[in-house]
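See below for the structure under consideration.
Each chain gets a letter, A, B, C and D, in the order it is written, and its residues are counted from 1.
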Amino acid sequence: MEKDIFTNISPLDARYYKSNPKLLDALACYLSESAVIRYEARVEAAIITVMEKYGLVKKGAGKEIHDAYMHITPEEVYAEEERTRHNIRALVNVLQRHVSNELAPFIHLGATSEDITATAQVLRIRDAFFKIIIPKCIDFMDTVLDIVKREASTPQIGRTHGQHAVPITVGYIFAGYADRFGGRLKKIIESVHELRGKLSGAVGAYNAFSILLDDPRQFEEDMLSELGLRPANFSSQIVEPEFLLDLIHSVVSAFGVLAQIADDMRNLQRTEIGEMAEKFEKGQVGSSTMPHKRNPWNFEHVKSMWKEFTPRILTRYYDQISEHQRDLTNSASGRFVVEILTAFTLAVDRLLGQLQKLVIDYEGLKKNLKATDGMFLAEPLYILLAGGGVKKAHELVKEITLKAQRENKTIFDVARETEAIREVLNKESWNKLEKDPSVYTGISAKRAKIILTIWSSWSTKIRKECHGYKGVVDV
Amino acid sequence: MEKDIFTNISPLDARYYKSNPKLLDALACYLSESAVIRYEARVEAAIITVMEKYGLVKKGAGKEIHDAYMHITPEEVYAEEERTRHNIRALVNVLQRHVSNELAPFIHLGATSEDITATAQVLRIRDAFFKIIIPKCIDFMDTVLDIVKREASTPQIGRTHGQHAVPITVGYIFAGYADRFGGRLKKIIESVHELRGKLSGAVGAYNAFSILLDDPRQFEEDMLSELGLRPANFSSQIVEPEFLLDLIHSVVSAFGVLAQIADDMRNLQRTEIGEMAEKFEKGQVGSSTMPHKRNPWNFEHVKSMWKEFTPRILTRYYDQISEHQRDLTNSASGRFVVEILTAFTLAVDRLLGQLQKLVIDYEGLKKNLKATDGMFLAEPLYILLAGGGVKKAHELVKEITLKAQRENKTIFDVARETEAIREVLNKESWNKLEKDPSVYTGISAKRAKIILTIWSSWSTKIRKECHGYKGVVDV
Amino acid sequence: MEKDIFTNISPLDARYYKSNPKLLDALACYLSESAVIRYEARVEAAIITVMEKYGLVKKGAGKEIHDAYMHITPEEVYAEEERTRHNIRALVNVLQRHVSNELAPFIHLGATSEDITATAQVLRIRDAFFKIIIPKCIDFMDTVLDIVKREASTPQIGRTHGQHAVPITVGYIFAGYADRFGGRLKKIIESVHELRGKLSGAVGAYNAFSILLDDPRQFEEDMLSELGLRPANFSSQIVEPEFLLDLIHSVVSAFGVLAQIADDMRNLQRTEIGEMAEKFEKGQVGSSTMPHKRNPWNFEHVKSMWKEFTPRILTRYYDQISEHQRDLTNSASGRFVVEILTAFTLAVDRLLGQLQKLVIDYEGLKKNLKATDGMFLAEPLYILLAGGGVKKAHELVKEITLKAQRENKTIFDVARETEAIREVLNKESWNKLEKDPSVYTGISAKRAKIILTIWSSWSTKIRKECHGYKGVVDV
Amino acid sequence: MEKDIFTNISPLDARYYKSNPKLLDALACYLSESAVIRYEARVEAAIITVMEKYGLVKKGAGKEIHDAYMHITPEEVYAEEERTRHNIRALVNVLQRHVSNELAPFIHLGATSEDITATAQVLRIRDAFFKIIIPKCIDFMDTVLDIVKREASTPQIGRTHGQHAVPITVGYIFAGYADRFGGRLKKIIESVHELRGKLSGAVGAYNAFSILLDDPRQFEEDMLSELGLRPANFSSQIVEPEFLLDLIHSVVSAFGVLAQIADDMRNLQRTEIGEMAEKFEKGQVGSSTMPHKRNPWNFEHVKSMWKEFTPRILTRYYDQISEHQRDLTNSASGRFVVEILTAFTLAVDRLLGQLQKLVIDYEGLKKNLKATDGMFLAEPLYILLAGGGVKKAHELVKEITLKAQRENKTIFDVARETEAIREVLNKESWNKLEKDPSVYTGISAKRAKIILTIWSSWSTKIRKECHGYKGVVDV
């Protein structure tokens, strides 16, 4: 059923669809209502396949239903649902029309609707992750790692509380982004692998299948194995909600890392700081009234999407509760989970695009490193003094910095005027720092390279894993 | 641009569109991206109109732009945005193409983008409320009030902690729903009227317009007045976010009242309780495997939507902060506000439909009132005793109830066996209660009618107000 | 019962108690468990007082209970609760011990526990607001308004997207804070006045009192009026939750304004920006290892408290739902509302203290205004050109700014080289700007003063109102 | 510093302290401000110990500081902080007073405050978990598993949508609780083990230590290893926030399982259902006005605490972002994490206590199983029919159930009247069900026992692990 996208309500289906139609079309293969129906039909087919193995249905039934299920359209199912007011019964009725009279009664036999919807949801989500989302995240990792490699030794003033602290390197900062995002991506992958299907019937006790079979738990395991899945130890009408919750937690917390990067970047693009910037495209307009403006609007966009989607995890915590063997108050809400996944993937892609062409202003970096005339060497000065056994070294150096500010001198000037510390000033380590304060970056470069090595090989491995991934549904 | 709705991501644009296309189409006139562009063009037109009054542009300019703005299509604007990467500049460029060369430079002159987007948003939201959402809420109020009227005197056991407390009437319970929802609706209407537009430029200090005009604040007031709006005392680049936040708060808290009703209804439909139920339609299927099931799935749906949309208010609180004169991290997130409004309206409509055909099981009500053989008369018994000066009356009556439970007797039996209270038992008030415990409903019926009167007349007034409402944009 | 505060769990009762013991002690008079019991006893006393007026109890009963209630200690009530496992029954039992045998049975007669706890909560909150919180907020307003007055005409570069936009004045920015915070404070005051008490019994239908009285609603009104309160149209066992929810919404949204100010201030204290700063106290340490650091830790603290307390409003939305005439799942959670009020008041006080001694670096302000050599005059240049009928003025000026950046020239240099715009450059308005770009502040100063006037007189009025406020409980 | 607990603000430090002082005192050893200071001093001591190994300080320094650190009191540190306005500098100054002049300058040398506070927090949390929280959770598991064992074969009607579905066993339902809570507890334990310390200095690049040492990363590893900890690959000034976030996620999601149990129990205690109930203690009062009431107030309490504490996880997601190498806006908020841990532990203990003495009404269970006269056998009837090849079996059985309801007959009566299905009715499997519909519990009992076995042995293992756990701080 066609409709003008500009009449859609959700920005995901209008403005943000237009911003990235290729990605959204790819995700829709798994996350749209059309995908819901296709995957649900696939699960019904899997049951018949295993029934055939168990001799519950005639030989060839598996092939028959597989030939049929791909032809089901959402339109048909929705039309039938208007009559039944029950979406899975509608699907079953439609499927029955596409198979022989003999096979028809066995479709969905023994299953409850949730067996189908829950299992199909896991399949769809798993496919979306291994085919689209994780590869996109790996592209993102590689982009970040490229910066780590290139800028491992580029000094930058470190900032805490928004104040100049001591230097660090650009590469080390991006190594931190890689390590944090990589850690989240690991959690995402683990959580996807932990998702479970079910075929345990209306209250999770295999009541209906126990009428048909001696070992309905084994039947469930065989059916799910057909789809590359496993059951949990327990289910009520629904799969234990914690498996999906863990996944959403890992996604939302990965989104948090994107927001951190976006925030850092937009701050580094501040007029007064000017260390990094979004590339400004030819023809682009910064402001409708201030022609000189160059805004970090993509970084702002990522932060804004994070603000929109993070609170939505709460619904997942609330959906942990379902009265008794199930109430349906997690049903409509559960349908919106796909929005979080979509928004996250869009944000990964947006940030990836910006980082690939990130403008680093090396002059800006240097200017800021020099801005306080080495005042940040107060730290090593204090370390050298206290390490040499000077008492109250911290207070002494604080006095030096205060005096420098008061008298508009450098820390070096005042240090030289201070009797008590003269000895230290002659040490080689201090002289090296005085000559070029920006070398005071600790072991930033070394750690950046170690972290690069760790994640580069992991990224290669995961990319291969995604490449080899085969789903069970043709989309 | 047409697209299959089953490939949309948001359930609002696929499954829930299909569930109520008429309502969604109506809302889309105000809440979709198409509406965004139309209303923004309308605001640009209003500026020109007032410029004409001030003599800044040639006579007839207002008419010229009004003739032009309705012909702008989203497609054109989006195509232009691909070049400018700035949505309002794109709109302005497109508008300029539709007017004379002479007028073109004046379009948007002095305005910043946010002047347009913020003001257009207020217009769209106000129209959506007065044309669709509030009338729907008034229909809902009237449906609830019908039940109040019809069932003002129908006794029902009151429940606290899930335990039978003392009786009440069905009408009084629904009077509570009416009073709470009505209170929220009042807040909604007040909040819509409080929304403010702006035309104060890039940092809110009227810098650009102060180049063109002596009193740019007056110009802003005139322009907004053209649209039936006012400015706030202050703006930065953006309107103070609290006006919209208050509206969303009122909507989300109104949604909470719907969730309360839905929860109560689905509990009253429990098999063991059986006092109220959703109407079960002909052909409807309750469960795909349990043919006997009749589920309160619409009530569950409303609760579930509330679970999904309530946490989203947090983003609105986070969007209160915008660094300095504005950062853009409230932009993408701000676009999703329309989802909350849409979900709320859908829920109102869904619940309204169910309450109109609500099944009340009068036998069920009576059965439950009788279930404890009048045990709840422990309360008036205690009141009569203590009111007669008996000390430790509460403990005495608790003993009577415990004894009754222990010996499987009624409270009346045990009471009669208890010397200390014999006198009370002969009082007329007690005898009336003993004869029919269900009359112990306090002043439920009287209060129900008073509340009915209050809200009926208010509802009539608001309906008239909506009826007389004229927007400034043809949709 | 005494206990070491360093063994408390909540930071509010340990670290933040120590940070501001005077304020916390003042709030504890209304918001602690001790206050809960005192105010609940006060409500029980009010019922007896009105019973005396109605002739239900002997003459002098009101005086008797008033003499008694102030002597109740939390220790006694908690000891009794260990036996009854019911807090209000415990309170009633204790109260009964403090009055004559004749009066004892009438204490709490006809009331349900929630009549007492809900009404007492409103009294406590109202007192806390009018005696402590609102006066503190008014102090805050006045502090902000002082800055508005002092700095109404101090130019500052405006910032959007973290980029230099066009100038504004410091006073106008603070006028914005005043207007937004003042608006929230108005909502707070309205919401406090809207809070309602109740005396409608176990299910809200006045069942018990209807045994004792002809018009129990009138009795409720009389009793509440004794305490300066009103009932709502409706109650179940509980007062409609929306009254308190509106108050918490207003408080949390006021907290958002504090967070905005804190964020702006800490950004303006960035090393590279250096326009405003927290006063650095004598003896203060900025960092344990970097002696030169001066951190905006108080502003950071306010932001952090806002982050902690804002999500807690969600519990208030969830507490809107209480099954049937009430379930108790809003009880424990409801007790934590006082934490939000306390944290908010602490944040107001912290920020107030910092703003009173805020360091404004006038040199820093000037330096930043000059940083782009007047590039921000791109806006008025564009306005002048387009206002003069030049087509594509926006693109033309954008080109000028790009050229200036490319060739490291000022906007004035490039403008002068640009034939098309020479005419404009000779205008007086442009010359004035070229001479001192920082005068391009629109009508900042004028608006700042208007806003100052509005809120100054309001603030005086509210301060008087608070001063004249009398509670009904001696604390 | 002693203070009346009834003047505390947080319910955790007043009402809920009183409700469980033993547990709160135990937690305070790890989660209070007193513990903060003790553990921070312990970390400072660990640095000196490793410095001694590296020869940076004199022999015996480690012993000297260990003898000293236990004598530090919060009072001393807070007094010093009034001067320094920096908590860690205050601690260091105080520690310096307790050691020799020679050792004093080396205390905290090279470290930044966050090295101490972050590492100490991990130690405290780990101790709290292994000494108090996990053992309590294991007690809870064992209590649930006792019920699984005892009630593995006790039939209960299953409920979906609040409607009678098909039977299940009590033990299987509790097996579900055990499996879900056990799964969460596993996550909790994993997350605690994953927590990381740090000693990487002000911006995480080991700047200061690189002045003192060749391999400061190794030094960090050695120091943390002294405390049984590890560093992460990366840190800025702060440890990557995701480690703690994962732990809080696991705790909050475990809390969700408690809320599920509480909700189920309070619903099963409904007057009309009456299958399970809280034990009603001697002397207990159910309602202050309705002496007959028995309320599930402990279950309600657990649900309410969950409502209060679940939204607080959002602050943890927001605290993922810390600008650049750190801003301090996660500091105050981070202090409140202990409240979540405390509330969770209280809820575990409360629910544990209630389940230990849970009242199961076996008559109530039977009554409800019989309430629909076997109507739920519609499911196996449909399975038998469709499994036998009958087309439209689902619709046929639905008709039977509708007819039964319409004519007030049992499903057996109507089935026997229905020609098409007569054959099925003679099957042994159907006859068994007709004789006692409550045997239709699928493989509930079997699965309950399997799940029991899995978790019993795990629980034993973890209990042993906790028993063998040794912390590094004496409390």
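The rule is short, and it goes like this: a contact is a pair of C-beta atoms (placed from the backbone, for glycine too) under 8 Å apart; a residue touches a chain by one contact, two chains touch by 3 or more.
The structure presented is a predicted model; accordingly, all values stated were derived computationally and were not measured.
Where each step is a move between two chains that touch, what is the least number of such steps from subunit B to subunit D?
The least step count works out to 1.
Please decide if copies subunit B and subunit C contact each other with the same set of residue positions, more than half shared, or with different positions, and reply same or different.
same
Would you kindly tell me how far, in whole Å, the mean C-alpha position of subunit B lies from that of subunit A?
The mean C-alpha positions of subunit A and subunit B differ by 33 Å.
List the centre-to-centre spacing of subunit B and subunit C in whole Å, with centres computed as mean CA coordinates.
So the centre of subunit B lies 25 Å away from the centre of subunit C.
List the centre-to-centre spacing of subunit A and subunit C in whole Å, with centres computed as mean CA coordinates.
The answer is 35 Å.
Specify, in ascending order, the residues of subunit A that touch 2 or more different other chains.
89, 110, 159-162, 165-166, 201-202, 208, 266-267, 285-290, 295, 297, 300, 311, 313-314, 318, 327-328, 379, 383, 394
Where on subunit B is subunit A touching in the complex?
Subunit B reaches subunit A through residues 1-15, 17-18, 24-25, 27-28, 31-34, 37, 74-75, 78, 83-86, 88-89, 92, 108, 110-113, 201-202, 208, 266, 281, 283-290, 295, 297, 300-301, 303-305, 307-308, 311-315, 318-319, 327-336, 338-339, 342.
Could you please specify the touching residues of subunit C with respect to subunit B in the complex?
That would be residues 56, 89, 101-102, 104-106, 109-110, 158-162, 165-169, 172-173, 175-176, 179-180, 183-184, 187, 201-212, 216-217, 232-237, 240, 242, 245-246, 249, 252-253, 256-257, 259-260, 263-264, 267, 310-311, 313-314, 317-318, 320-328, 379-380, 383-384, 386-387, 389-391, 393-394, 429, 440-444, 447, 450-451, 454 of subunit C.
Please output the residues of subunit D touching subunit B within their complex, sorted ascending.
159-166, 266-267, 269-273, 285-297, 300, 311, 314, 368, 371-372, 375-376, 378-379, 382-383, 394-395, 397-398, 400-401, 411
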